[in-house]
Amino acid sequence: MTEAVPLAPPRRLPVWWMILPAVVLLGGFLILPYASIVVMSFREASTSAVYGDGFTIGHYTEVITDPFVWGIVWRTVRTAAIVTLVTLLLGYPVAYHLARTRSRWASLLYICVISPLLVGLVVRTFAWLIILSNSGMANSALKAAGLIDRPILFLNTPLGVTIALIHVFLPFVILPLLGNLQAINPEVAMAGRSLGASRMRTFFKVTLPLSMPGIQAGAILVFVLSMSAYVTPAMLGGTKGRTMAVLVVQYLVDNFRWPAGAALAIFMAVLTVSIIVLYLRLTARAMRRLP
Amino acid sequence: MTGARKTLWDHVFTLLVALIYIFLIAPILLVVLLSFSGGEFLALPMEGVSLRWFEALFSNSRFYEAAVHSFSLALVSALVNGVIGTLAAIYVIRFAPAHLTNPLRVLMSAPLMVPEILTAIALLFFFFEVGVGNRWSMAIQIGHILVTFPYVFLNVASALFNFDRSQEEAARSLGANGWLTFRRVTLPAIKPGVITGCLFAFVISFDIFNISLLLKSVGKNTLPLELFDYLRYNFDPTAAAVATVSIALTFVAVLIVDATVGLRSLRF
Amino acid sequence: MTTLRLDRINKFYGTLHILKDIDLDIAQGEFISLLGPSGCGKTTTLRCIAGFEAVSGGSIAFGGRDMTRAMPEQRDLGMVFQSYALFPHMTVAENLSFGLEVRKIAPADRERRIAQTLEMVRLTGYEKRFPRELSGGQQQRVALARALVIEPAVLLLDEPLANLDASLRDDMRFFIRDLQQRVGITTIYVTHDQGEALVMSDRIVVMNRGVVEQCGSPREIYERPQSLMVADFIGQSNTLTGRVTGREGELYVIATEDGPLRTHGAPGLAGEVRVMVRPENIGTAPGDNTLRGRVVKTTYLGASCLLNIETAAGSRFTTHAPADSPLAPGSEVTMGFAAHKAWAFAA
Amino acid sequence: MTTLRLDRINKFYGTLHILKDIDLDIAQGEFISLLGPSGCGKTTTLRCIAGFEAVSGGSIAFGGRDMTRAMPEQRDLGMVFQSYALFPHMTVAENLSFGLEVRKIAPADRERRIAQTLEMVRLTGYEKRFPRELSGGQQQRVALARALVIEPAVLLLDEPLANLDASLRDDMRFFIRDLQQRVGITTIYVTHDQGEALVMSDRIVVMNRGVVEQCGSPREIYERPQSLMVADFIGQSNTLTGRVTGREGELYVIATEDGPLRTHGAPGLAGEVRVMVRPENIGTAPGDNTLRGRVVKTTYLGASCLLNIETAAGSRFTTHAPADSPLAPGSEVTMGFAAHKAWAFAA
Amino acid sequence: QQPFVIPTYGGTWAKLWEETLVPEFTSATGIQSQIDVGLGKDFVSKIRAGGGAAPYSVFMGNENIAATLRAEGFFEPLDMSKIPNAANLYDGLINTGNNGLRAIVSPIGLAWRTDMIQTPPKAWTDLWENPEYAGQIGLYQIGNTGAQLFLRLAGRLFGSGDTDIDTAFTKIKELQPFTQASWSGEVAAQLMRGDVAIAPVDWTEILTLQDKGAPVEIIVPEEGVLSYEQSFNIVKTGPDKEAAHAYINFLLDPKIQSILADTFYVSPANREAVISEATSPRLPVQGEAMSKIIRFEWDNYIDVAAEVADRWNREIG
């Protein structure tokens, strides 16, 4: 008696085609090219050709057993972690403020937030050079304020790199967080207050856990970006602030060591992915609680 | 938000936020300031005020061409990723089988996690292997799309996470099909994420260095490369003037968006 | 003619069996109320009908066509969600306009219908407000208006009036019923207000823990419940356990701790039964059945006064007295009720 | 002793004047119901009391201390939000635990109180569920439990039972009232269910368009409304316009289109007045006042039957008859009501 | 027909090529051409990635960089008959086997801030000997050709020769702490900011600074100068070797050499080139003095270059 309607089951219609363009992009222009790079990373080095004919895992063992590399890895990870932490700490209040403000100037504040992105990377980095040099604005101001008598060495140290990265990556935590905070029903925080929790407590127990997706997005972005940042550490970090990305470029571009550089770069990528996966594992519990 | 009087903590918070805003804007103001320098060097203290660096800028057609090239790369990257990144995020968050969700998320963020220089070399190799090399103007564009893809993906994914699905059900119950529901209900709701993602894609594309360096087609240059090359040989405020002009243009664009759509539409 | 048929619908959330073999046949233009305790599966049933939940078993047919796996938008329905689910980025008028636009109604017509519907839900003047700028009740009325303005074939209403005051509820009820009958909309109405269900429905479905307990006309449900659950759930009831000892014509004779009672009841009863009498059917004069008891408590209800009465055998009864009744706790009372006002069903 | 005093509270949203000079004195342990049409400002009033909205004018005092600008958490309150506002990332038990942890209740004590409260709201066994895994009514009960478990000094309840079925509502009402009286919690209860308000409240506040229309005991509000709005809003009423023509002892004599009526009423009435009679006070036998009319419509209500009656002069009356009353539309009826059951107030 | 691709550097270099050299080249030879801006290293990557089909027919870059590609077999010897101007080159600018020649020479001297340094330097060794310079010295990073030149110079000055890398490292470590720069413009900026007071830099940079009124001075150290020498090579897999030869010949033209000297303060490679009166007194390394340029052999050094760079990174930073 019933004639079946030939239809896909509910919420099953828009399926894999949605991810098809992305898969083509990533598969065709990332995975595929990387495949030959991975192969290259196992090639023997040569000075009479781009790489030798034989295969070796030597580049990897060299990279992985090299304390010098590990020193730079550690500096890179530490810098990235500090930058991530500080951008979260500084970005959260701004996102929170921007999410709640009813000020007429909100648009202007928004521009303020994205302003680091409005100036190109190169010019921005030069601005930091001017601010952070030994006789630069920062040191002059600190000296004028009587806080220091000898200039703080910002440049050619991880410190300067960290400051400049924090600056440019702040928008990357503020904006995702802003969207997240705006999506939280304000009455939920009110409920916390009504139960007698102080603003602090309500924040830490209610608002903060509910903004985990925003924190996630921001933290991952900033961490990964800091890990792979090149221009800023190259220009501000000198040799003492050198990071993995800078080392990779040295291998590949300055010293023409493609197989070894590829191995180093792949090692760095694997490291980054591992840290992210670890981080996702660690925060999975908190995320599972969210709707 | 509450009827409470301002406490010390309120003032501390306001001060803190104000300081962060200053931190964000100060280097940019410095650049703008320096572009009006009368001196020869991109340095402080400034020796007088002049517009000469703007003259120098406008007499240099390379900057103009590079800026146009960068702009078109960035725009295309933002638009293309706005579509495919959003679709991918919707698939991964909404439809992907549970066991594939995390692997897909990692894959979709992969361009971020591999060093850009290696990606650049890999692509360079690849494009030569397939025989198009540096003569194909799409090579650099593809590189830009690839590298900026995760920004859209991640932002849209996080917006989807916060989205209350019952609104979609309401739309379906009113007879809207999947597409219409998406366009009229889901998209407006995740719009802040999409806009943020596209914005990131745009500015990142504008800043991409290594990919552009190796993949640019013969005879073309992007603005960061041009600026870097310029500053390498002329450490003068012309570069600051370039930045000031681009800030001014963006500012005007933002003001127009604010006046027409309203930046507030980024929230709801 | 059947417009909507649920055939042995089952639904699981994980391992929780939420809906168990739900069968339901609804005729074109019929108004069905879904009643049942909180958490019994009413919303889930509506969501299955709407197509938001894939059923774990069974089938759903609209107008004879199997629609078990059809998309929600292919089912031509209007739904009021328990949580409203208004579009936060659209004004009130835009919320209403959405469904009309989908249906490609001409702009002029659209505006007329929106204005009309907003007037019906008493929200004229609120067209340009956003949902967040409305009170709870106002939001609920927008949700209602949004579902009604499209005049769908099937209307699913999930407690659509829960946040409205009595006089608005009256108006809205009238409005819904009027539209429903005028347009001939098949309606499933979830409500926790039994009065509402009794007044509005062609039939009432009582659900309990995922199964349909009873399905029938309001009078059947109210006066001839088939189980204690239904008797207790719909309206106030006094029940006594007893056992059938004989018949007197149409009536059963039932032995209880408070003495023998004459009642009518479901056909074919025997053995252990329950006898139910509604408070409003108990008078203070002796009747077919007469009991004596003592007032335990009185409660002022405005229109009347609620008496809690205990018999010598310890059975508790509730009944109504006029608001200014002189009966105080402790007073002795006589309770009488007609045999055809008492109803027996299997225990 | 006054615990809570609102002194000329005003509230604007933009240019909209939402609350206008709200005055309210609430005694320690008093149970106040806030009634009024949808959108009249009930939720806004609660939010001002809780401290979530800055008042635009006036002051709020708790226990004699000015708290107009105090933080919400300093006010020792429990609140049930109309939208529940459960913590979505916490289980049911954690939602309840939150307020107890803030109050530094020892873990063992905490668990006991959570278990107890969950049992009261019939949610034992749901401790580990997240709000999204609950039905609407279950969520509402969690919201209620969360506010009650902390046994606050002041309880603000915004339609806390709107999504519950009648028998759960009864249980919850009892639970709330019991706890409230046992602990002595000052309670402000927003409801659209007048019956609830009449049964539970020490006093009822009727609001309308941002002002307090009348404040008094349930009996006062129900039997002696001071305005047409209150008469119409609370319960069902029949009103007639008339004019005072004289007095008979305590009673007014009022000329209406349907003839002279004898009523009691607010002191000092003269000129145009309105006379109100509740449906349940109209009998079918002649009384102090007797009118004749014709049945226009009958509605089955389960417990009774609603009659709409029109008099020769065209006035419309509503009254109740037994459910099995033989009166059909068209029948002639006599309506009688006692003078002390009719109430006159200024028009 | 694709236009002939001329690789060159950015900034003022690109400007000169675009505005002057390319039009001149086209009018002189009739060859349509187009510049492609980058650094020598970038051209290397593209030629390497190009495999059998390089995007360039001519390579331009520092000789030590060119040596790498040459060793990998990407270049072929010049056909000198197509480059008549090469006959007038100063000695030592043509590679053995005609495998590449150097057409642009930017000598590297010792430069200092006149307002920060009391006693001007006279020799490279002053860097080690004058305590006044301690802590104010700037050197190139190992990624820059300048650092490799300086390292080998140190080997030659203090050790057994320019391949005495061990001694070189020992001596360079004696100069610590010093600031490193990745390219000349950066040294210039460091000098201007006062982060550095004395450093090896090329004339190009220092004279440009002087033109802008900066208090800097540069000398030819007693031991001689180092130099950035831009090596020009024919790419074996390039599409248009005829044009490549014509282009190299064009660059060696005396007139073009004079233009380069006026613009970048480079020392002309062609004996016939005339330096303008304004420029000439400021360019001490010309004519006879061209023999004061200290050159090193790169073809073997490239075998250890990566190792040396690595060692620099580890031991010096």
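We just call them A, B, C, D and E in the order they show up, numbering each chain from 1.
The rule we apply is simple: a residue touches a chain if its C-beta (ideal position, glycine included) is under 8 Å from a C-beta of that chain, and two chains touch if they have at least 3 such contacts.
Which protein is which chain? UniProt says A, B = Spermidine/putrescine transport system permease protein; C, D = Spermidine/putrescine transport system ATP-binding protein.
All values derive from a computational prediction rather than experimental measurement.
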item	value
Furthest chain, CA centroid comparison against chain D	E
Chain pair with the higher count of C-beta pairs in contact (A-D, A-B)	A-B
Distance between chain centroids, defined by C-alpha means - chain C, chain E (Å)	91
Where chain A and chain D are represented by their mean Cα positions, the distance between them in whole Å	56
Averaged-CA centre spacing for the pair chain D and chain C, given as whole angstrom	23
Shared interface positions of chain E, touching two or more other chains	42, 45, 189, 193
Interface hub residues of chain B, defined as touching at least two other chains	1-2, 42-43, 121, 125, 129, 178, 228, 231, 268
Multi-partner residues of chain C (at least 2 other chains)	51-52, 71-72, 83
Chain E partner contacts - residues on chain B that touch it in the complex	40-43, 60, 62, 121, 124-125, 127-129, 131, 133-135, 213-214, 218-219, 221, 225-226, 228-236
Interface residues, chain C side, partner chain B - complex	50-52, 71-73, 76-79, 81, 83, 85-89, 98-99, 102-103, 146-147, 150, 152, 156
Residue ranges of chain A touching chain D (in the complex, touch as defined)	185, 187-188, 190-199, 201-202, 205-206, 209-210, 286, 289-291
Chain A-facing residues of chain E, complex	41-42, 44-45, 48, 68, 71-73, 141-143, 179-180, 182, 189, 193-195, 302-303, 305-306, 309-310, 313-314, 316-317
Residues of chain E defined as touching chain B within the complex	2-3, 5, 9-15, 18, 34-38, 42, 45-46, 49-51, 53, 55, 183-186, 188-189, 192-193, 208, 212-214
